[in-house]
Amino acid sequence: MSEDAKAVRHWWRTSIIDMEPGRIAFRGHPIQDLIGNVSFAQMIWLMTRGDLPSPEQAALLESALVAGVDHGPQAPSIAAARMAATCGVGLNNVMATGVNMLGDVHGGAGEQCAELYLDIAARMDDGADLQTATRDGIAHWRETYGKIVSGFGHRFHKPVDPRAPRLMALVRQAASDGAVSGRFADIGEAVQAEIGSQRGTEIAMNIDGATAVIFCELGFPPPLSRGLFCLSRSVGVLSHGWEQMQQGGRNKGPMPPAYLPEFEPR
Amino acid sequence: MSEDAKAVRHWWRTSIIDMEPGRIAFRGHPIQDLIGNVSFAQMIWLMTRGDLPSPEQAALLESALVAGVDHGPQAPSIAAARMAATCGVGLNNVMATGVNMLGDVHGGAGEQCAELYLDIAARMDDGADLQTATRDGIAHWRETYGKIVSGFGHRFHKPVDPRAPRLMALVRQAASDGAVSGRFADIGEAVQAEIGSQRGTEIAMNIDGATAVIFCELGFPPPLSRGLFCLSRSVGVLSHGWEQMQQGGRNKGPMPPAYLPEFEPR
Amino acid sequence: MSEDAKAVRHWWRTSIIDMEPGRIAFRGHPIQDLIGNVSFAQMIWLMTRGDLPSPEQAALLESALVAGVDHGPQAPSIAAARMAATCGVGLNNVMATGVNMLGDVHGGAGEQCAELYLDIAARMDDGADLQTATRDGIAHWRETYGKIVSGFGHRFHKPVDPRAPRLMALVRQAASDGAVSGRFADIGEAVQAEIGSQRGTEIAMNIDGATAVIFCELGFPPPLSRGLFCLSRSVGVLSHGWEQMQQGGRNKGPMPPAYLPEFEPR
Amino acid sequence: MSEDAKAVRHWWRTSIIDMEPGRIAFRGHPIQDLIGNVSFAQMIWLMTRGDLPSPEQAALLESALVAGVDHGPQAPSIAAARMAATCGVGLNNVMATGVNMLGDVHGGAGEQCAELYLDIAARMDDGADLQTATRDGIAHWRETYGKIVSGFGHRFHKPVDPRAPRLMALVRQAASDGAVSGRFADIGEAVQAEIGSQRGTEIAMNIDGATAVIFCELGFPPPLSRGLFCLSRSVGVLSHGWEQMQQGGRNKGPMPPAYLPEFEPR
């Protein structure tokens, strides 16, 4: 191989996949050994992490992926996907349109919350107790992100987002089974308690706070909290886009035409 | 240069741009000769076509680019851009989200109409008279695209889309000045007359029918009718996204939260 | 509720999700009953189809989702995602960039192949035998899509794409267990035999031909073959984007800078 | 109009466009008065700013829009657009794919540089002299963005990016004509001198530094530096995508297949 060819191959080096004619391996596992033997969630773990999870770890990942698929057509990602589905594009475009919107505000809460949890854990590693680390971690986090701590409280689901307690129960079960440490469940609840204490009224953990606990327990770095949420929400985006395609419509606007008659698309 | 290096350079060959340190040329024109001397519309022509337009051609292109920038927030592209602007993403993402939606239905009418005009012109080149070519061209077009001919009629702008007659007047003026042939203006009006005749009631040309006349007069192939419309609409997408950023909002859904309280984004 | 409010709610109607404060249900199933009890693959089925699959159906869906995650950085979707990851955008944008590219050519083979299989099945429902239906179905398909039948043959994996026989073995096992009919496995193999016979040399089924068998066996309509492939490939897109973020780089171009020194990004 | 309807209309309020049947106005100007009378660059200004620029202001904006259209296929945005063009998608998708990549690193330099210039101007408004404001502004900027100041220096164009001096000459001319103040030209050159002084060797202003001068002189807020660059670069993205469509290819990878034979797209 010429030096030029080596340089090109190095430019696109990857440890995820290698191939030769008739052979495909992911992270060293021949694909035919994976197909039919590992779940989709296990494959997601293998691809993003490099090793295979235990069944208990995979189950916990799976619970978080199931929890986040959709929160209805008022979400910009879902609304945009449904509108795109009426514009004469393929489902790939519909899905890209929805996922593209999962930015810092719409899709970033889990990532931001994971950063907080990991910072608190680091403070404890440096010798702080849970309560002090939590208080200091929240204060530090707010310098970057502002007063409202991502992962806690919900405008609509009062008193409780039904996904969070279910996810936390699964984490606690996994911790009691020894599958995870339970450390981030403690941290998440300490954050919840501290925020509640500071504002003088209880606040609930929401889905982002609970999935961040899971992703931290499983060792995913914060950016993958967003990445995994994007994978999860892609299911809702696809489902709504497909439902809209079956309902029909052309150039679906955000509201019935009678509302904005002067704004017909063209 | 090694054979490998040559192969890579051939893989990415382009006749649009060439450079060396301190020198950039587009289609052979050094960039410093273009900056300050050609308009943005002339540059669009140069980049997509390879040569520079006459001032009259550039003016006609410019009129079409000005005409299509926006048709309000009921258009899926504009609505999605405004929603994206509240999701914590950059303006690049906002613009991509809006433009991505300009598919066959939302952004393809001009391209489809241009195909019809060019097919009619080809029939005339083969000896058909305007009326016959128009009738046969419409019939052929409908086999692919269905009954409603893109470029004619408007649900909202009745009796007339104000952009179309203004654009057609400019085409006629340019034809009388010898800048364009006027052939596609004739064809566009023949299509309008034929459709009206067939349905027994007059129909107006809309913006897509008129911009397709212009793009055909100027020699752009049909896919560029869509491409140029995307450039034009990008201005509206950017403007609305930016206005929304200034209005504020987080995770803007398609309607006021009071309407779909059960569908808060999260 | 006012008539206006009803109209708005109707505009965004969906049978996928319904909510009230503290309650979220998908297709009628409370979310807390799904989390921890259904796999991610089962959730994908529930969301796109409306009911829950049997474990055997879910396993077959899972095998197809696992098979398609990635085929390396030479694929435009993966390459673009890796480049996007160096441009200063979030993982949502990285994923959207990759998925957006899964158009008719890059992501549509499974959908096109499913259309062929279903057309052959319809011809059999109308009384044709398998061989005649296959021959006629292929001829009809080629009128739309051209000579090369999507789902068969592979430029690189010779003699055999290792994913296809593994997937087909799982379909055959599921058919013998009564979980699926096996009808589309027969059709897929008949298509393979017919193409081989017509060209006088054997041809292998590739991953698109095999996943189309699975999606047809499971009752997914053709556009969902693309949608499910997009979900599957999203895993590879995320994994490669994330690996690239860890490798670092800024404005990663398609080849080492030494190859195209005159085309530094700016 | 019902209260509900009013709420919906308020939700989508805009000062950019208003319409009634047969009438479209942008920022109060009937569209038929704009078409044929304002340039595309003037329309971009009107849409994003709310008023019409003077001819001199429009000319300066136009020079910046012309300067940024393209920097070759080694740029991720251009490479991705060319790859997308071979994947079976429309030009809208091609353009969205390219523009989506213009994130903080690939498309954000002008915005970041504009922030620096405006901060220096604010320090001068508070009484600092140019040199002190520049030194302090740079130090402050580096706390956020790091050592390398966006807008200065170029890996390839040595000694000088040919676009920058041409743009600066146009700014100086416009200032001497009274069309702009020239204040940001002074600031840009002070930044250039200060960086050069600090590192002990001269550094050139690049296109981002020069366009940021123009956009600041014209009163555009920093995020629009990115937005306007996205509009400009959209021209290159479209042109390259279209050139690639004409060259043909299917699933174009980042390098010739012979380089990565084991990574055929599928």
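Annotations
Here the chain labels run A, B, C and D in written order, and each chain numbers its own residues starting at 1.
Keep in mind that, in the parts below, contacts are C-beta pairs under 8 Å (C-beta built on N, C-alpha and C of every residue); 3 or more make two chains touch, one makes a residue touch a chain.
Since we're looking at a predicted model, the values are computed, not measured.
Chains that count as touching both chain B and chain C, per the definition above, are A, D. Distance between Cα centroids is largest for the pairing of chain A with B.
For the self-contact between chain A and chain B, the two sides draw on mostly identical residue numbers; the shared fraction is above half. Here the CA centre of chain A is 37 Å from the CA centre of chain B.
The geometric centre of chain A is 21 Å away from that of chain C, both derived from CA atoms.
A straight line joining the Cα centres of chain A and chain D is 32 Å long. Annotation for chain A: residues 4-5, 8, 12, 17, 19, 21, 71-74, 79, 89-90, 92-93, 96-97, 100-104, 107-108, 156-157, 161, 254-255, 259-260, 262-263 touch two or more other chains. Within the complex, the chain A residues that touch chain D are 5, 8-9, 12, 17-21, 89-90, 92-93, 96, 100, 254-255, 259-260, 262-263. Here chain D touches chain B in the complex through residues 4, 7-8, 10-12, 14-17, 19, 21-24, 26, 30-32, 34-36, 38-41, 43-44, 47-48, 59, 62-63, 65-67, 69-74, 79, 82, 90-93, 95-97, 99-104, 107-108, 156-163, 165-167, 170, 223-224, 226-228, 230-232, 234-236, 238-243, 245, 255-256, 258-259, going by the rule given at the top. Put simply, chain A touches chain B in their complex at residues 2-5, 8, 71-77, 79-80, 83-84, 86-89, 93, 96-97, 100-109, 154-157, 161, 206-208, 250-255, 257, 260-266.
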